[in-house]
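In the two complexes below, chain A is the common chain; its partner is chain B in one and chain C in the other.
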Partner chain A sequence: MAERARYLYAITRNVDPSPLGSTPALSGGRLDVVEHRGLTAVVSDVDLREFGQEGLRENLERLEWLEKVARGHDTVVQAVASLGPTAPLRLATICLDDEGVRRRLDEWHDALHVVLDRVEGRMEWSVKAFADPVQAGVDTSGVPEPAQGGGAAYLQRKKSEQTAREHREADAARVAGEIHDALAASSSASRRLPAQDPQLTGHTGTMTLNGAYLVDLDEVAEFEATFHRLQKEHPDAALALQGPWPPYSFAVLEQ
Partner chain B sequence: MTEPSSSPPTSRPYSAPVGQSSRPQPANLADILERVLDKGIIIAGDIRVNLLDIELLTIKIRLLIVSVDKAQEMGIDWWRNDPMLTTSEQGLADENRKLRERVEELESGPRGKSRG
Partner chain C sequence: MSVQPTDASPVGQIALVDLLDRLLGTGVVLAGDVVISLAGVDLVQVRLHALITTIRADMVEPR
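On to the complex of A and B.
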């Protein structure tokens, strides 16, 4: 018989967990809840051969496995977030049994309630901005092409190309900062995440803004209006809005 | 990536069911990994695993070496319309062809020349 452990997806409180019955758990099992001192941990059984220390070390190196588990984890977190305030746990948080889960709820009781207070009635939106790859390209129109491409002329052209590019990059960065500030003013909390690599996401151009915004559900319309206004004001920034997502970027424990 | 102007409203009631179909857009893998690996509540469980070893950089490298079929299956096909890549591949192919011709020419000597 395989050794089992408890995989933790998210912490919530004051919810009726019965709708979770239709959400698939990792490893094809069913979701359970562990309740302790006003906190509810959403968990499921996993096989220690797959999720034990050794198994994890190997499996995390396999992209297909990582993707499957990441999407499965996210699906459960989304389902929990549709029920009540949700603090998602980081991928692969595993306790040996329910007693271990309760010990964590006990140990982190106050901090978890603070996090749930912060995200209650709020969800996360993502706004990304991209510098147009065509704009970011080399513009030499302002520099006359010499009839004979002498070395000095070549260097001069290169230099002015570089200056023009630096100006465009500085402009794009400034615009991204303005966009972020405006969105931050329309949200409860905000964070700028590192730009994602185009090779990972497939986007073209430079990601000048990767913003996360915690938005009060009563103020979603206002936030979206701000987004659409910014989109009109900055057509070159190629703004993209995604959400609502569970408040991953704002469910962090104060250290 | 840009939001189409006719997109459905992105808000929905807090209590609405969250299913695959009701998600505004499926989050891409980068967005999901960024959040489930980097964000959220970090509490040490009983199983210790160092997620810091699984940096997005590592994942990126893995994406790059993942087989083309697998990558396309996952919807990753950025190289198809990446002008830099396609031109550099084209450039390499051209250079290869020229080099091959040159080698043939040198190896075959005058005999090859008369034949070609």
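On to the complex of A and C.
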């Protein structure tokens, strides 16, 4: 018989979990809740062959499996976030039984309440900025070609290209910093995540800002207005706004 | 003309790369009974990004 374990999706509190009955769990089962000391963990049964140490090590390498689990995890987290304050757990957090789940809720009780206080009534927005690849082309039209294009002239041209590129990168980084500061001032909390590789984003420009912003649901209009103002002020930054998402980037436990 | 991301998605739907950044890089980290070490997760992320890159490279038309 297959050994079962409990997959943890998210922690919430003071919610009626019955709407979760219509949300599909991973492995095709149903969602359950484990309640302990005012906290509610949303969990479901998974097979330890798939989600045990050995299975995970193999499965995490398979993009198809990972995408399925990430999407399934996100579907549940979104459903929980529509009910109340939600602290999403990292992918593939597995306890052997409900007692194990309760032990974690016990151990992290205070920190989890702090996280839920922080995200209550708030959602996450993502803003990305890109350095326009068109500008990355070096404009050398103003530089007169020497009659005799010797090695020294070549090196000189290379050097001025390099200097121009460094200036553009510094400018793009400064603009990204300004954009982030303005958005941070219009949100409850903010984080800069590592920039994503151009090949992952499908965007030809270099990502200069991968910002996450926790926005109070009462202040969404103000945040969006700030974004649109910045978009007008910095047309070259190719600003992209996405959300609302569950507060993934802000459910960090303080140690 | 600026190039739009190839995975322009409907509102609320998170691009896989954004989702993985968050599900592996942020979020509440509780040590469960099945332990994948942090280093292990970081490695997974690196491999994954390489993997997605490969898939993307096939999808994105050469410019």
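Criterion: the second predicted complex is superposed on the first by the 253 of 255 C-alpha atoms of A that agree within 3 Å, B and C clash if a C-alpha of one lies under 4 Å from a C-alpha of the other, contacts with A are read in each partner's own complex, and residues count from 1 in each chain.
Basically, contacts are C-beta pairs under 8 Å (C-beta built on N, C-alpha and C of every residue); 3 or more make two chains touch, one makes a residue touch a chain.
Because the structure is a prediction, the values reported are computed rather than measured.
The superposed arrangement places chain B and chain C in clashing positions on chain A.
Using the contact criterion defined above for the overlaid structures, shared-chain residue A:Ala79 touches chain B, although it does not reach chain C. With both structures placed on the common chain, the touch criterion links A:Asn14 to neither chain B nor chain C. Once the two complexes are laid over each other on the shared chain, residue contacts for A:Leu89 go to chain B and to chain C alike. After overlaying the two complexes on the shared chain, residue contacts for A:Asp132 are found with chain C alone; chain B is out of touch. Contacts of A:Gln156 after superposition on the shared chain: neither chain B nor chain C is touched. Shared-chain residue A:Leu66: touches chain B and chain C both. Shared contact residues on chain A (touching chain B in one structure, chain C in the other): 5, 8, 11, 48, 51-53, 56-57, 60-61, 63, 66-67, 70-71, 73-74, 78, 87-96, 100, 104, 108, 112, 115, 126, 193, 196-197, 199-204, 238, 240, 242-245, 248-249, 251-253. Contact residues of chain B toward chain A in the complex are 1-3, 9-12, 14-18, 20, 23-25, 27-37, 39-43, 45-49, 51, 53-54, 56-57, 59-60, 62-64, 66, 70, 74, 76-78, 81-82.
If you check the complex, the residues on chain A that touch chain B are 5, 8, 11, 19, 48, 51-53, 56-57, 60-61, 63-64, 66-67, 70-71, 73-75, 78-79, 81-83, 87-96, 100, 104, 108, 112, 115, 121, 123, 125-126, 128, 130, 193, 196-204, 217, 220-221, 224, 231, 238-245, 248-249, 251-253.
If you check the complex, the residues on chain C that touch chain A are 2-7, 11-12, 14, 16-36, 40-41, 44, 47-49, 51-53, 55-57, 59-60, 63. Contacts from chain A toward chain C in the complex involve residues 5, 8, 11, 48, 51-53, 56-57, 60-61, 63, 66-67, 70-71, 73-74, 78, 87-96, 100, 104, 108, 112, 115, 126, 132-133, 191, 193-194, 196-197, 199-205, 210, 212, 238, 240, 242-245, 248-253.
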